[in-house]
């Protein structure tokens, strides 16, 4: 077990933070942590309450979705994680929740418009909502296809997974990711915050318009551009 | 008292979780736990604050609504519980709350439309809202008739209590049930969550449509079908 | 100080519960406890943070609004409390908060319609919103006149203070009262809950109608009528 | 370090209260504390989690925005703070957050209308929303220009920074200030509360009108006029 210890601990720690951040009730969420050199990721077992989790009962799965180590069944969303890790070499963390406000946007089948600098600090575009899956894909390998649904949506919008680290899956709920598990988890909480503020913004001003491009650019570059000056 | 000890403890434990789950303020809720072999259930005494409850002061009532053991008056909703246990052999837990979002839907006299997979994971249909009671029934044995109001609504919609474990009573509030008390309590928290997200979904997109049937089916079967693969 | 000890302790205890019940931030609220035999009430001192309160620094005031005992200035709303105690012999507790949802209804200058049984368990009518004060009254003794504004509103609606224990003051915020301080405090939390659910109810169904009279009567009588069967 | 100890401690203490008051998630906010005699202020370092802050790692900056003492990079909003301290001799605290409701109003590019006495207790006018910055200003020294954007907005509305201690920056988020750091922090929490209630007020009554002038005047004078009688 020792060769997977680091990702077991990362996945455990991040899963435990989901309820603390108010992003899940019961077992409505899952986090995984990958090691691309080993070609595997650690993920929450399915349907186990958060207070019963431990680094030891995280399940180790390869990028085809096969269990490599662990006695419990992995999260039912495991194949979605596997597909994304297989195709995206530069992420090591994925988070899936049914957090209230982001999920409401997903159910509404609308992209979250970029209304302010809180959003622009993290993304330069509307947060995309992938179309609900076609009946053919649903009847196939559903969770596996959810991964392709996510990748296809980014491609259709001309977005890179390295710049857009969050998406809504239409009628379902959000997925976020990142270079580290901490970043993926952070993105999940940020997305929920942005989703709540965007809903309120439209309630307060139904004819509100998007943030103008110069402000989008400025805020994103403060945090992410070559001359960024946010953080240490 | 020992022959009812198990249901006293189940009912006590579940009642204590209502405020922890944010489903009630003061004494606005009650949980019961039944034993069909003994033909009785344990239920919260009426109007007693949650911090004064104990397994010992749960009231034991038979399926006609008669107190079998206990010195306190049982919850004013006791006869509703009795009627449901009498007619539904396969449930052992019932929860009634005035949780904010589910109650708002009940007051609105609208079914909660199925908008996403969080809902579909638990139900394949809109969550029904029973019509407010007729004046004749109200003037009769009110709580007793509430039980029939619930059963009639399921029958009218062609729903089975074993598949649909939650309902809104129009102008009143939700009732949930389950094979176990834990399941009934879980359903109560899930319903509140679904109710909040459905309200937000319509706010974000007033012309939103229901989840398509293929997705409903897929998600429900992940958790409940013969080939289910959620949980352990 | 000993002859006022009981009301000092009641007022202190109830004031401390305002932030615990989520009804106030900072010092936005005040509770008083009266003794009609002594002709005085104990009230929170003005602008003192909740963590600095003690039974000893509650201010004792008579029903004309004069300080009888205490070195601190009493709550700026003291005269409103004094007027109500002077005219209403059967209440010993008054609570004033700026709780979010009840205050929003007061700002909206609308009565809270009776939409469900949670409301009917406590009141048989819409919760009245007193009209904003006339300019003449405002220029007079403002807090004193607020008391009359409240009494006039009940009179205009044909309501008794013994049956309707809560009101919204237009453009301002709610006041609640009761036979005991605990009841007044309970009413404050119940009102906030009803206010939130009524707002949501109209959001979910803009054409919703009031609860029909037979249900109003039934629920109120369960708790308050001669044959009441709620509580012990 | 000892000559800046007092403002380091003030800034540290106030920054730590931001998450406790529910005004920020992660590092989405910053507080500074100024000493006009020394011509400097202490401000939160950029991007450091709240649980890693200490009085010692606050950064000391002069009113031109130059770091005077400290090894960490100061908050990315530092120049906005510097500009305001330079021009406003009578404030010693500034708070910037992305608190949910106030930020939604800022994103909506609307002033917060004065709907009730909670608002009037603190301001006699609508809470202004500064227009989004012109492209020229954005391309210049952005945070520096944000300070001017705030000052220009107050000037355009004929408002004094000593009476109006809070503003929304369009598309961005709120800034508040005060004679003391505690007052600036208090204003930030009050603004969030007012913002939430104003949103709800318009939801409940879309045709609601502003508080009439006589009530605005009365409530503000209770707390702030020459004959004020709120507090001790």
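First chain written, first letter: the chains are A, B, C and D, and each begins at residue 1.
Note that a contact is a pair of C-beta atoms (placed from the backbone, for glycine too) under 8 Å apart; a residue touches a chain by one contact, two chains touch by 3 or more.
Everything quoted here is computed from the prediction, not taken from an experiment.
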Discussion item. Starting from the defined contact criterion, work out which chains touch chain A and chain B both, please.
Written reply: none
Worksheet item: chain A-chain D contact: same residues or different, taking over half shared as same?
Response: different
Item to complete: Give, as an integer number of Å, the spacing between the C-alpha centres of chain C and chain A.
Response: 46
Discussion item. Centroid of chain B to centroid of chain C, CA atoms only: how many Å?
Written reply: 33
Worksheet item: What residues in chain C touch two or more of the other chains?
Response: 203
Worksheet, complete the sentence: Every touching pair of chains is listed here as A-B, A-D, B-C, C-D
Discussion item. Which residues of chain D touch chain A once you look at their complex with the stated criterion?
Written reply: 25-26, 28, 45-48, 72-73, 76, 98, 100-101, 103-110, 132-133, 135, 138-139, 142, 171-173, 199, 202-203
Item to complete: Show which residues of chain C lie in contact with chain B when the two form their complex.
Response: 115-118, 186, 189-190, 193, 196-198, 200-201, 203-205, 208, 211-212, 214-215, 218, 222, 229-232
